[in-house]
Amino acid sequence: MGHKIGVADTTFARVDMAQVVKKAIDDSLELVEVERYAVPGIKDLPVAAKKLLQEYQCDIVLALGMPGDKPIDKTCAHEASQGLIQAQLMTNKHIIEVFIYLDEARTDSELKEIVQNRVYYHTTNALALLKGKEELSDRVGKGIRQGKGDVGGVE
Amino acid sequence: MGHKIGVADTTFARVDMAQVVKKAIDDSLELVEVERYAVPGIKDLPVAAKKLLQEYQCDIVLALGMPGDKPIDKTCAHEASQGLIQAQLMTNKHIIEVFIYLDEARTDSELKEIVQNRVYYHTTNALALLKGKEELSDRVGKGIRQGKGDVGGVE
Amino acid sequence: MGHKIGVADTTFARVDMAQVVKKAIDDSLELVEVERYAVPGIKDLPVAAKKLLQEYQCDIVLALGMPGDKPIDKTCAHEASQGLIQAQLMTNKHIIEVFIYLDEARTDSELKEIVQNRVYYHTTNALALLKGKEELSDRVGKGIRQGKGDVGGVE
Amino acid sequence: MGHKIGVADTTFARVDMAQVVKKAIDDSLELVEVERYAVPGIKDLPVAAKKLLQEYQCDIVLALGMPGDKPIDKTCAHEASQGLIQAQLMTNKHIIEVFIYLDEARTDSELKEIVQNRVYYHTTNALALLKGKEELSDRVGKGIRQGKGDVGGVE
Amino acid sequence: MGHKIGVADTTFARVDMAQVVKKAIDDSLELVEVERYAVPGIKDLPVAAKKLLQEYQCDIVLALGMPGDKPIDKTCAHEASQGLIQAQLMTNKHIIEVFIYLDEARTDSELKEIVQNRVYYHTTNALALLKGKEELSDRVGKGIRQGKGDVGGVE
């Protein structure tokens, strides 16, 4: 039987990030089931992700969020990240955090571009982790980035 | 049988936030029971919320707080938020944090307005989450805000 | 049988804060037993408070501390606060944190005054919480402060 | 039978702090056994301390460390402190954190002096805590410092 | 039977850090098995390290990461470090964090040099910890650094 990917996202975000997850999964031709969870903001993501793993039998979760551009938003994102790491340690399963900060982009179209790139490639990462802990081994140390261009490795 | 919503609030807050919860529930015409818990300050909210979930059989909790405007108050709010996330991970239930910072408003009437808006719409969010994990799905990625106007989504 | 209040304090503090707890309890005419625990500094308070709750059968704990005025002292207080919240979540009991920062006062007599006020009213809060989770309900949203004058509520 | 004190220290530190622990114990004429654990840096101390308490039957642990003077070193110390508090809450035993920051002293001899004073008096504190939770009671509220002169109490 | 060392690293890193681990183990002539785990970024390391300890029977883990040079990268590294400490406390086993910040070096060749030095000597530390808790005792208090020259001890 195939794997199940949980996708948790927020009404706070300004872009429908889950659509990009769907496209990346379709493109991969992998047979994975998607289970969705919608919450108000990023601080609601940790428990949603943990519930997807424990109550909805997901094998991995993508936690999609778009923190605002004020200092308080950075603090919220920090708290959410700590919670997402804690949830992983409590379940021994991966939760891939996919956050795009509203101040990473200057225009709406740049924002959409970063979203499409980062969400797409982190979905690819999640699919790879489902195959095994060494699936990403040949990409290690290559300075790979999601959302903007890769930095590259040092030979 | 109907659901039970826990409402935890503080003597530190300058506005009776729980009244707005009551109004939002009344307006919704949902049959939900309310269980209240009053504590001195926001750092007392995490354990109060956890007790509402575990000892008073609440299905979800609204944690209402109004942090002050000094740096130490921001630190307190940060610690409270971390505790609220931890409490959710320990119970696998949602606690919706509804904090209004005293320095978000310049006047008392502006403060009341933000309170009424944010508490009202977060109560609506809590009622939605009680109905299921995809109840908020059609609002995802729309840049929705509580307390002030929505930012809107990016098409 | 009466309740038991734990009182944890530090040799680092510059004022005997536990004396004020004693006075507040005496004034209340409540029959509560006091169990004391003395530690070097505020970072030793979380485990002391947890032991009072779990090994000495206290129903609630007052954690008394007086952080210094240097940046490192703020960090210590932050860590202690996080630990106190965690201890509450592990025991489902309240620990009322009563910290007075050395830089809140300009003179020794002002320091003593803040201590007397804040410790006194937080002891009152602890006594109220022992009576039940809604005992403080009629004081909610009133902008109540401990240590200095109340801010007041917004009508 | 006597007590057992765990002593965890680091290769990162610039002074042999455990020697001072030994001297303080000798001077005390107490019969306590010492169990040692050596780790690379302060971030390795939390698990070492927890293992001393749980796998080597120590009754209390002294966690000795000497954080560097760069911002990243402060962050490391903060993380280590959080871990030490967590380890205490998981074991219900005390871990006395004895950190000396490299930038507390201007010269090597001043550094040694602070080490000797702080480690010595914190060992004394640990020995007191082994005797009971009220052993330090008569020193409470006296503004006692380890490492530099006491600040004193406010009458 | 020999020990098993877990090695977790990231596709984000710009240098193949695991190669240096391999060289250090080869040079040591110790018979240890290596179990690898590749993840996207440093925030994925805590759960990977915990899984190596709990599901792949590793005795110790090296968590290799290379945080970026922006403020958000520092925050990520902080969160990862907290998670790594938590994972150790949950398993009672060591995870040696080996992070090289991209802004520690001005050139690619300097970066490689720091990586080779720090990863090499932390692998040596891990091998020492596998032999016992006092194996590093004679190096304590010597101001030992990994990545750049030692600072030295104070006599």
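Chains here go by letter, A, B, C, D and E, matching the order in which they are written, and residues are numbered from 1 within each.
The rule we apply is simple: a contact is a pair of C-beta atoms (placed from the backbone, for glycine too) under 8 Å apart; a residue touches a chain by one contact, two chains touch by 3 or more.
Treat the numbers as computed from the prediction; the structure is a model and nothing was measured.
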| item | value |
| --- | --- |
| Fitted rotation between chain A and its twin chain C in degrees, CA, nearest 5 | 145 |
| Chain B-chain E separation of Cα centroids, rounded to whole Å | 41 |
| Length of the line joining the C-alpha centres of chain B and chain C, rounded to whole Å | 25 |
| Of all residues in chain D, the ones touching two or more other chains | 82, 86 |
| Category of the chain touch graph - line, ring, star, complete, other | ring |
| Circular arrangement of chains, read from chain A onward through chain E | A, E, D, C, B |
| Complex contact set, residues of chain D against chain C | 74, 78, 81-82, 84-86, 88-89, 92-97, 101, 122, 125, 129, 133-137, 139-146, 151-154 |
| Complex interface listing, chain E residues touching chain A | 9-18, 36-40, 43-44, 46-48, 50-51, 54-55, 72, 75-76, 79-80, 82-83, 86-87, 90, 108, 111-112 |
